[in-house]
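Two complexes are shown next, each including chain A; its partner changes from chain B in the first to chain C in the second.
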Partner chain A sequence: MIKAVESAEHSGDAGQQAVADHGGNGHGAAAPRVVRVRILRQDAPGEESYWERFEIPYVENMNVISILQQVAARAKSRDGRRVAPVAWDCNCLEEVCGSCTMLINGRTRMACSALVDKLLAESGDEIELRPMSKFPVVRDLVVDRSRLFRALERVKAWVPVDGSYDHGPGPRISPESQEDAYPLATCISCGCCMEACPQFTKIEVVRREDESAEEFDSRKKAAFDSGFVGAHAISQAMLFNGHPTGKMIADERLEALTSQGGIQMCGNAQNCVAVCPKSIPLTRSIARAGRAATVWAIRKIFDR
Partner chain B sequence: MAQPRVLVIGGGLAGLSATMRLAELGANVDLVSLVPVKRSHSVCAQGGINSVNSLTRQQGDNEWKHFDDTVYGGDFLQHQPPVKEMADWGPRIVDLMDRLGVPFNRTPEGYRDQRRFGGTLFKRTAFAGATTGQQLLYSLDEQVRRWEVDGKVKKWEFWDFLEPVLDDSGRCRGAICQDLVTMQFRAFSADAVIIATGGCGLLYGRSTMSMVCTGSAVSRAYRAGAWYGNGEFIQVHPTAIPGADKLRLMSESARGEGGRVWVPKTPHDPRDPRNIPEAERSYFLEERYPKYGNLVPRDIATREIFDICTNEGLSVEKDRLCVYLDLTHVPRETLDRKLGGILEIYEKFQGVDPRVVPMKIFPAVHYSMGGLWVDYQKSSTGGLVEGSPRNQQTNIPGLYAIGECDYQYHGANRLGANSLLSCIFSGLFCAPGVIAGVDAGGKQAAEESSRLFESRLRREEERHHSLLSRTAGDENPYDLHQQLGNLMTRVATVVRRNEQLAAAYAEVCSLEERWGRCAVSDSGNWTNQNVVFTKSLGDMFPLAKLILKGALQRDECRGAHYKPDFAMPGLQATDLAEKRREAEQWCDRFEANTRRWLKSTVAKYGADGEPEISYEDVDTSLTPPRPRLYGLVGGEMIEEVWNERLKKAAVAGEGQGGSAGQGVGEGHGNQPAYAGSAS
Partner chain C sequence: MNRPPNAVSPLPHVTTNLYFGVWRQPRRGGCPVRIGSGVELSAARQFVTANDPSPSFLARHQFLIYRLFSLAGLIPVGAFLVVHLLTNASVLAGPGTFQSRVDMIHSLGPLLVPIEWAFIFLSMLFHAVVGFVIIANGLPNVGSYSYVGNVRYTLQRATGMIAFVFIIWHITQLHWLGTPFGGGKFDPHHATSSAAVVLRPLLISILYAVGVLSTVFHFSNGLWTLGITWGLWTSPAAMRRANWISIAVGVLLGGAGLGALGGMRSVDVEQARAIENRMDDVKRMMEGGQSPVDHQSRPGALPISGTTY
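Moving on to the complex of A and B:
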């Protein structure tokens, strides 16, 4: 039933057309001609940071990623100097991979879903981009978030299955339990909750000249383990402690949560839940973890 | 040799499932990835994962029908044994993922819920909200983290694969990779190397794919001598949200849950879509394909949406091509529970609530059916021999490819929710064969000849430094990428024409030449994304060329590859006898076309850098190819003629025990008792 498409020239660009234009630009009739942005740069770990300003042609519905793509393509500062392109992390551009976290107008959030029109409405005529402050800067807006993944190891965020051989389906789960677990499972490991947390402080380990990669790695892990695990890891521990098979090592997770850098570090500022781009009920997880940890600590005393 | 060492490139669903299984079988794994593996592109998969399940089984479904839907939907271009093995493994794989903790949606009684996807009449698709890929990936990421803690897996995240290292006999012995933070190079010696780096959507500029989907790893393997199969088959997804930086996917599950595609009958009707009465809307997919409705296979839905906007001028907007995808009739509570993730994406990026206002969508490049050519060993029952080192091995011994970057499972068009299955299946299934294929003595010999690894390492270092020193050129890599993307999107997506393809090939050659004059704007040697991008852009040209050349040479329509000049239109006649005669002719032409074109395209990197294309017969030993008649005018008559021919062939072939084959219907003969409510 498909007819030959007559004019491919006119339309050959499947999807490669101008940006969607519903949603408006938030500026009434006068959309800006250019977008101004200032970016806090740093060439490498241990180097001084510095501001650089850029000016990018405005396109409707653009996000911070499109700004950074333009910055990279032009490699020219606002005053016309040739500068090295700004380094930043990104991948999926639809807020599900967790790569592009940065401080945008002072707030920790994902660059892909930060729409320029909204940013301009909140900050006037210049957008400010800074790297996350609680993680060591690698370069410009790129930070090292390996501590975040280390925390998932600490709390054993996995279901301890026997292996991948066939044992039939998993346990039956009520729709209520699934709906309870699913939001926790959507954590994208972006680090927003850690950045916003007053109890979570930066740990930066610098590699020594004489150190092998492996030695450096284990020293880094040890340093990370002395600090707060963060809301995301507490929430993951609760996710797996709520799973019928996952809870078989619930005590091991509670042990981790009650040791150094565990749940006792939480000061209940509740910033984590406010900044989570996925609206994960982090404070509910923390409250649950707190209760479970208390019960577990008492039980431990009596079991001795 | 007790513990082989395997290098896995890419940590999406395929790479992680291979890593998990290899570690379980005793191997030590080095896992190299451009991004932390939890951030791989698999997270973008939304709708679900297909398998026969206890419910569909009671409605007449079985593994054979899943296999048959897959090869029929793929226009028979797949070798059939691997597809059969995959369909057979489907139920086990979904069970495994369930055990790993994937929060699949549940029925009131606590069983896994399923929905219907395109190209089938059964509800085969298990799903976790509308972020199924993310949830599957996370559960594998968690298991691999467990193996990492146990010391069986070592991750190399923010590392780039540069080339496989082959010894004098042509066997792969490892690879050269680069740390994207320090820019240091490292030679990895390995008993086997598995490439699991996904698709190549960035060749098209913007697509639904993530920024790492440049195809560069695959291109580097191709340049080292690995063959590339069916490159011209690129899936254009019917429904995506246009954007300046990316075309974001709007999952097929939106239609699986009842979403309806329509346009106003009046061109560019300025009214609010909610105020346009039913009678003034055209639900063109439902009208043209009453059986499958909004869930026709993707290539068909894409062409119809394209056609209604371009030929019929019925695009919703005047200056921008789009149609409505409407969910507003579905209860809000159902939408939040089953589609929450994707509706939030629409709302976040478009600022409009799709629960209230119909979405505006248009097709976008989405998936590479083609990929590295891989082998398999067929079993006596028509599936694969588990543990054979040939499974998933490229033509280079010791070098394997799995997941989207292999060419094996989806033929000319992939069915929705089959990709997650093929990725996990190929990863799990290849592992025992990879271990069985280890040539330990040879590896040691290769290691001892340090010359081998060192020379390759030097070569990559030189390449890198020569790029770094190129600060004076007059070409900008980002501009070139945009030009390449626009060109490929214009000529090698929904509609293809020979004169355009030929011209585009010449243009790609000139872009490649200009790439040689690219200037890097960052000459530093620390986290230099500029030089890494420039390098991967250079790797896009060989793939673009093989896609264009494959498309140019293939003078037919098959699945996603559509050339109007070679289309086989439906029947014109109204007189019955005349119609019958046309149907006979149609079937003659179909048979002739099958003989000529039912072949895998195999591209080899020529000495001059140009692709050399040859063709390989497709193994259709399980079910013979039949016309794909979704919605074709006169389809019933063609079906009748075709089935008579089959019967004759069966009678003639009975003495030799030949397969009688299967009649045409749209899909299989047996209808399920409950076909789902979506259409």
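Moving on to the complex of A and C:
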């Protein structure tokens, strides 16, 4: 509480200065000298989170990753205290690996493609960074996204071709079906669709002291499997159910999609498609999965 | 800092206000933590510390239950809503028309009560119970993501809860208990006049308007999401086209509901009662050859042949 009051005073005069600095955010106006950022930090899983504010020199064409690099290099908060460098995840820096997802100014997006100039134009003088809220925090902005990958396992999001002998050439795929599948294949497993989904809620499993890693892992998977699989997994299931070889286990995918936490958890808010950085037609996949599940359920009831 | 989880938005509190269950706001920001919940169908669990027993019956049949929930919203609950609102709107053609519609429904006689329980009340209760479980397991976030679809998602839940309260009040007041819940009871032999008396206070009419419009929104928006759920419209273009169906149904039923309300309010109770009495006399004569009952408020001796039904 005291901390909040202090920082409010801080941003009082400093905030006005910042507004004067970059004079209305318009193009052609003087560039800001500094970038202010507040980061929701957490030291370890299960610990309480806290805000820390930083100030770094402005460089043209910065993105959120370059802010975080500067923050780590300085390891000093805005009020001059030495603090542990902020931890975050990133890899490819070109919106392909999907590892740098975080809440930037309250919205889920990729840190690598979030440009500082645009962020300042939408939020004024300070950029807010928070870890994703639907995944357990490991440290600071790093979250454990294993539920995302577990969901892909659940729906068997692959083409089953493993074996010790030559299967021969696969069936031909028509250009139409290639065009249909390609957008779905661009999924980068970033988790934005899960983060923005009001039906997808956090599941955090805490490891017990007397528990082996394997026991913890299986308990974690069981807990994840009771929750919503998420839009990305539904879309991947539709991608592989549309593939001539992947289709061979279509029923297994539909069985998974109609089990607990499956397609029925979708509430049609359609946030997933709105926040997807790759503009994947997720709601089309969900509706197709709904149709397939309808037919599959009828078959399951009447064809046995 | 007592920040709501998505505090950057212009509507920061929506995230938690519409939410069922007990949530704790962390002292220094961060995500709200659920501390009370525990419904078996739950897909949301904050911390899992015990070994899970094998999935319960409800968990194993979650898909079936949710699909039955979706279906129940259309048939019989939604279908009943359409019939009910259109029947009520017939009051705009005069108390005689409305009375004859009501008589048609009540011609089911002793079958009426089991039918309304089996097809209407129990289906509605099932839809409501599963609906509340769904609401309790979601975490609305229009504050952060104020897209049209998300606003509709939130309104769908809000109107569902309003409709639930309204329908319980509406049935208790008009159908079962009457006076203690405001106004009086609906009399199937004096359909228009008894309803008009109940709806006469402005407050009651406003509550009815809110309740009816919420129910109509819930149904027409639910029609659109039902089409996605079952896979009727799958492409974004098809969803946009289907949305017009939803809008048309909403406007039609909203108009019928408000029209019925306006019609009941503007009716001349004495005149309506006279018409109803004459129709009642005819019914009695046709049923058992009894002579007309002397209705207490019968104004003048209008000839029976003058009825217009």
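Note that the second predicted complex is superposed on the first by the 268 of 304 C-alpha atoms of A that agree within 3 Å, B and C clash if a C-alpha of one lies under 4 Å from a C-alpha of the other, contacts with A are read in each partner's own complex, and residues count from 1 in each chain.
Just so we're on the same page, a contact is a pair of C-beta atoms (placed from the backbone, for glycine too) under 8 Å apart; a residue touches a chain by one contact, two chains touch by 3 or more.
Computed from a predicted model, the values in this text were never measured in an experiment.
S.K.: Based on the superposed arrangement, let me know which partner A:I173 touches: chain B (first), chain C (second), both, or neither?
M.R.: After superposing on A, A:I173 lies in contact with chain B but is clear of chain C.
S.K.: Looking at A:W158, would you say it contacts chain B, chain C, both, or neither? Reply first, second, both or neither.
M.R.: It touches chain B, and chain C stays clear.
S.K.: Is A:M265 contacted by the first partner chain B, the second partner chain C, both or neither?
M.R.: The second partner, chain C, only.
S.K.: Could you tell me if A:I298 is touching chain B, chain C, both of them or neither one (first, second, both, neither)?
M.R.: neither
S.K.: In the superposed arrangement, does A:A121 touch chain B (first), chain C (second), both or neither?
M.R.: A:A121 contacts neither chain B nor chain C.
S.K.: Check whether chain B or chain C contacts more residues of chain A in the superposed model.
M.R.: Ranking chain B and chain C by residues of chain A touched puts B first.
S.K.: From the superposed pair, tell me which chain A residues show up as contacts to chain B and also as contacts to chain C.
M.R.: Chain A residues touching both partners: 1, 3-4.
S.K.: Per the contact definition, I'd like the list of chain C residues that touch chain A in the complex.
M.R.: 1, 5-9, 26-31, 34, 42-49, 51-52, 55, 59-60, 62-64, 66-67, 134, 137-141, 144-145, 147, 149-150, 152-154, 224-225, 228-236, 239
S.K.: Please name which positions on chain A make contact with chain C in the complex.
M.R.: Answer in residue numbers: 1, 3-4, 40, 42, 48-51, 105-107, 123, 128, 130, 133, 196, 198-199, 201-206, 208, 219, 222-223, 226-228, 258-271, 274-275, 281, 283-284, 286-295, 297.
S.K.: If we count contacts the way the header does, which residues on chain A are in touch with chain B in the complex?
M.R.: Its residues touching chain B are 1-24, 43-44, 59, 61-63, 65-66, 69, 72-73, 75, 82-85, 87-99, 112-113, 115, 138-139, 142, 145, 149, 152-153, 156-161, 163-164, 166-170, 172-175, 177-179, 181-182, 185-186, 188-189, 240, 243, 245-246.
S.K.: Along chain B, where are the residues that touch chain A in the complex?
M.R.: 20-21, 24, 35-36, 38-41, 43-44, 92, 95-96, 98-101, 103-112, 128-129, 131, 134-135, 138-139, 142-143, 145-146, 148-149, 181, 204-207, 210-212, 236, 240-249, 288-289, 300, 302-304, 306-307, 309-311, 319-322, 337, 341, 345, 348-352, 360, 362-365, 428, 476, 478-479, 485-486, 489-491, 493-495, 497, 500, 521-522, 524, 526-530, 533, 562, 564-565, 567, 570, 631-633
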